[in-house]
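Below, each structure is written out as structure tokens.
Same chain, two partners: chain A is paired with chain B first, then with chain C.
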Partner chain A sequence: MREVQIDSAQQAQAEEKRVGVYICHCGGNISDHVDVEALCARAGQAPGVAVARTHMFMCSDPGQEMIIKDLQEGKVNRVVVASCAPSLHESTFRGTLQRAGFNPYLYEHANIREQVSWVHHGRPATEKATALVAAAAAKAARLEPLEPIRMDVIRHATVIGAGVAGLQAALDLASRGIPVALIEKSPFLGGHVAKLDNIAPSNEKASELLTRLTRQVLDQPAITVHTCTRVVGFAGCVGNFTLRIKVDGEQGQDEGKKLHSMPTKTPRRGVFLPQYGVVTGSCPENPAEDSIETGAVILATGFKPYQPMFGEYGYGRHPQVVTLPEAIQALAGENGSHPVWHWHGRPIRNLAIIHCVGSRQIPGVHEAAEGAALNEYCSRTCCSASLGFANQVRENYPVTRVFEFYRDIRTYGRGQEELYQRASKNRVLFFRFEAQEPPRIESNGTGSESPLQITVKDTLTFGEEVQVAADLVVLAVGMKPNGIDDLVEMMKLPVGSDGFLLEVHPKLRPVELPNSGLLLAGTCQAPMDIGEATNAASAAAVKASGLLARGFVELDPFVAEVNLEQCTGTGACVVACPRDGALQLAEVAVNGKPFKKAQVSPAFCLGCGACVAVCPTNAINIKGWTLKQYEAMVDAIVADLAA
Partner chain B sequence: MKDTTIPGKILVLATESCAYPGADAVGQAHLSYPANTYVLRVPSPVLFPEKFYLDCFDKGISAIIIMSCGVECPYEGAYDALAQRIDRVYQLMRQRGLDVRRLRLTAICTVCTRAFVKEVNAMNELIKELGPPGTEIELQDVAQSA
Partner chain C sequence: MAVTPEFFEQLERFGVAKTFECFNCGTCAAICPLVYEHFPRKLIRYAQLGALDRILENPKELWRCLHCGLCTQTCPREANPGELILGLRRFVVDRWRRSQHV
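And now, the complex of A and B:
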């Protein structure tokens, strides 16, 4: 029997709660719509508030130092920061308290950006912010120190997708001694890079880069490669995930069929096959399922190229209109026996490249494919890829004239502006058009030398209408997020309005997902070039290994807790609890006398609060989310400090 | 008679894993909605007893929208328990003469921005029509004494 002593007098002597309220301008994001100074003055009047201050950026070092100083000088012992959404900075400010030597759970967050200044304006915005700050202060005054729950982690990571990002992430994790499962749905390693030839701006061969990278992966004993494999089930939490995987037989896989139809039926492991990738072996004949216990999951699911709609710049209507990936494939297949590049038996004397196809789409100007959203973002890689392609053509086939039609040229990375300069030296001719007046592609009539004619209003020559004959028109298509609806659904992944996976914060937590233990690598997050994708992959690997190296994770202590003095042992909470083993009635000796009291097993408790609602004496609560705290918040909202 | 020109307050109980990030997504999209809405972040609304809702109305909250995770609830069994509790709250509201439409159980996902705004706007229309909580009772009294 458990022995407990309850001394009411001791509880009554609890320390005085002094709440500090710290209000963020967020560099105008908040203060442009909320009168931050008026809010601060009102917050200072709220019950229990000892200090109210403002700062341009509360999350900055000086902002956090302000809180630490007040805590250490004893002015405050509970903290409210009114700023952005708690998903961004709640953990930041809990850390601030910890650095000041305080319990991190003596903190409450007031969301006055996403839920106030970005959705309301003027006086109502300030009034609502006041109510939310008062509510947060009311809760803060009722916060008690809590200890996090410590859980062991499985020292193993899983990477989904074996393109360059996935390969790099797996390699970086393995080099830190962490066992890795690398899951790839196709039978090949390398992703879209396998479809490239010369990589801009370095002109390195994609095949060489992939062969080098995959050799390291295949030689690394800590990496288990699962090709022809999909994730079909996901459960658990950070440090302790279970993934169900399904290995598809060749018959069930499009990619598997491709492998089957290829000239080399059983290519050697590690060999690069152009357009496909690096071979790891053939898919098994029969489907099989398995599960992986893992501590962290890196998503490296990649992108797919934009597929132009029928008739978009003549695509599908004229066979001489192709996408850049198709053109790269055609050029790579040339054996160099002709001094002129031939395509389908026809010499290419005039080559046209059109930029921004399927990227930077403008509502009202561009049309989206049925059921799809417009791609309003810049795909970032197509300018350099197009210029690299143009240079390759001009330098290998000087007879071919190259014309580029662009809206803006964005060669933003190291060595990429040089591509543009080289294209100018190579006498590539540039035309600039407005999105509203894109180039028109038409048949050139039977008697003409070139099958197509492009008409454009060229803003570089002050709107002159120019006509150019073309043997081949190449559409520089952008990047679209890969179709991973099943993973999004299964793993509850946040997706941005552009369809790509959404990180916690673009600058401060760029490779993390809000679901702890899940990380992002590469183009599943946004259009990136190869360097950026591997960069993100290395970052994700570091984050994952940091998480796993410690051997344990600390989880929020938001589980049920029984107040033994108030508990009358009705057992209603035990009946209401949806989780086996989380709650039971136990014999407890209180001040020497035996009583039946509810007892929580914190490791099993999910923290849903089903027990809280049914307790007649409110003797059971979720730590950090007590009913009394909620009641105090409602009281503060109703009290209308702003009135 | 209570002043019906002041818009009533709407309390939104938003789940931490679905509706609360959904409300943040509304902000990220810079969509606008009436400012008389106060979102409380909750692990699961199953935490609140019947009395909590009735007390809110007594305190002057005009309406409560429960924005749950619905079928995506991370706590197995919690959503069903919540739905049953809300049925009991409706019975108690009827007994007190409160219009049951003041309490609405919905499911809002992390990207359900339009649904969020629609729910908030619809509830605003309703409380404009109903007036502050308790007005229904006064109206009944008037009807009975007439």
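And now, the complex of A and C:
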């Protein structure tokens, strides 16, 4: 039981609040529409305001120096800046207070640019700015110093998914001395890269690349590899997560069944099996559950290739229409003993490759699979993969002619334009079609040499319709996000309209999720090639290790706080609280007598205020946003300083 | 129009080698002083496709070429369009000789 002493007298010892109001011209952005000087004069009249000043750019060094000077000279001890949106400069001005030796939370921001001068003009603009500044000043006079919530973190990270991104992230974390749990649902390491053969543009063998990477992972004592394992439970917050994991055994997993179909029942650990990946050992016979305490989680759940619908470019209707992954697999299986590439017993003399299958889909032109959204994005890797495949065929089987049908073609990145150059030298023939008029694939009829005929309105031939005979049609399918609905639900992950996981900011915080402590690596976020996925993985590992190396996290102090004197223990707040673990009733001894009182776990509290709204005695408040502060703001607005 | 890529291998005998490096940008047609119906770009494309019929439909077009060399000089892919026109002329003459005309 917690012991607390309540002394009503301590609330009385309040220092005198002197508010400084600092109004920014924003170089005319604000002052062209708001009468800044009139606003300043009115603000000076507001109750509790000791100083009101203006500046052309308050965020500039001289602007901030002006505030620091007033603070240090004792003229003010609470600050309001009226300027742009708080997302731009709230933290700037909190820093100003800190540099002056003040608590950064003795600060209130009034947005008179986005919410005033950019949307209102003339007198109404100045009036609205006056109301906002008056409200901010009223709140500022009731601000108390706050301290950020400091929490120790568990120095351990978890990576979900053991494709190249997951492997790289685990390796980078471990090399910084952070213990890592690497969780993979299949019995193999390597993900989709294991299904590749030659990797464009360097022509490196996927098997060599994976063997090299997994050797390091398996030799790294700080990494614990959990194969045949799924995450089935998730709780906690940044620095202190608990993951429940389930080892499924072989029968529960499709992938596990593959191990049974292996030529050798118990392949050696670290051996690469083409199409499957690197073996880590066999799955346990019986399902088992375990839990992992971890400080940060990197999601590296990857992608799945787009599965063409029945009849899309003849897929499913003609057995000679296959996807690029299927074709790569078939070609890799050739032993090269025959001068012509044979597929299902017949020679491939004419090979067609169609680009953008399942990518760059256009509403009204393309049809989505049932219940699925259109894939409007470019999958980015298929152009290079197709050209790499075409070159491989032309160079190993010169009698096979290759035809490529594209909407647009782009092999971005270093060494990749050369793939196109090489394809031209290899006499690959290109056709270009419009999305509205895709190539048609039909049977060539019996007796003809090639089983299929492709008809396309070719814009490179000035819109003429041309026919190409084909023995095999390869569809360069794009990437779809892997099915991780369970994780999305469990971890409350944000998902973009394209189905991929959504980062905080595409440019400035590209590997972070808004859920603090969760990071993104690789193709669960967007289509990427191997280099880009590895890049993202290393970035995520750095972000995670930065978080964990510090040993603690600081969270915003805007969380619920209980006034134990007023709390009568009704429990209404506990019922209203949407976050598990944030609020509970606890036995508390007040001045020696036991009572049931609400108790906040600050690390879990979202600061939403649902509890504040339901408390019958107003005993619970959000720090920095108390009801008293709100009331003061409303009073200030109603008092109408502009009148 | 059916694509017959074998045709291009015939053209090689007439000194045409680099036509497949063309990526159909049209610089040759823009620089050509004849300014005539995508000449020589169209013929390059027909040669890539092996559209023999299209080339023979109007072989006289080949003799409009002044062989000034501007297309070859400006081609960003060094696909040598001028050489293709000469090669096609040789091909057409050879075909004509093999027919009953001589």
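The rule we apply is simple: the second predicted complex is superposed on the first by the 421 of 643 C-alpha atoms of A that agree within 3 Å, B and C clash if a C-alpha of one lies under 4 Å from a C-alpha of the other, contacts with A are read in each partner's own complex, and residues count from 1 in each chain.
FYI, a residue touches a chain if its C-beta (ideal position, glycine included) is under 8 Å from a C-beta of that chain, and two chains touch if they have at least 3 such contacts.
These figures come from a predicted structure and were not determined experimentally.
A.B. asks: Check whether A:427 is in contact with chain B, with chain C, with both or with neither, and answer first, second, both or neither.
C.D. replies: After superposing on A, A:427 lies in contact with chain C but is clear of chain B.
A.B. asks: Could you say whether A:56 touches chain B, chain C, both of them, or neither, answering first, second, both or neither?
C.D. replies: After superposition on chain A, A:56 lies in contact with neither partner.
A.B. asks: Figure out whether A:468 sits in contact with chain B (first) or chain C (second), or with both, or with neither.
C.D. replies: A:468: touches chain C, not chain B.
A.B. asks: Tell me which touches more residues of chain A here: chain C or chain B.
C.D. replies: B
A.B. asks: Between chain B (first) and chain C (second), which does A:330 come into contact with in this model arrangement: first, second, both, or neither?
C.D. replies: neither
A.B. asks: Just to be sure I read the superposition right, which of the two partners does A:542 touch: chain B = first, chain C = second, or both, or neither?
C.D. replies: It touches nothing on chain B or chain C.
A.B. asks: First (chain B), second (chain C), both or neither: which does A:401 touch?
C.D. replies: second
A.B. asks: Figure out whether A:128 sits in contact with chain B (first) or chain C (second), or with both, or with neither.
C.D. replies: first
A.B. asks: Touching chain B and also chain C: which chain A residues?
C.D. replies: Residues common to the chain A contacts of chain C and of chain B do not exist here, since the sets are disjoint.
A.B. asks: Sort out for me which residues of chain A touch chain C in the complex.
C.D. replies: 401, 403, 424-425, 427-430, 460-462, 464-469
A.B. asks: Of all residues in chain C, which touch chain A in the complex?
C.D. replies: 1-3, 5, 8, 20-24, 38, 42, 45-46, 48-49, 51, 77
A.B. asks: Write out the stretch or stretches of chain A touching chain B in their complex.
C.D. replies: Interface residues on chain A, with respect to chain B: 85-87, 111, 113-116, 118-121, 124-125, 127-128, 131-132, 135, 492, 494-495, 497, 514, 558, 576, 578-579, 606-610, 612-614, 622, 625, 627, 630-631, 633-635, 637-638.
A.B. asks: Residue numbers of chain B touching chain A in their complex, please.
C.D. replies: Where chain B meets chain A, its residues are 9, 11, 17, 21, 23-24, 26-44, 46-50, 52, 55-56, 59-61, 72, 74-78, 81, 85, 110-111.
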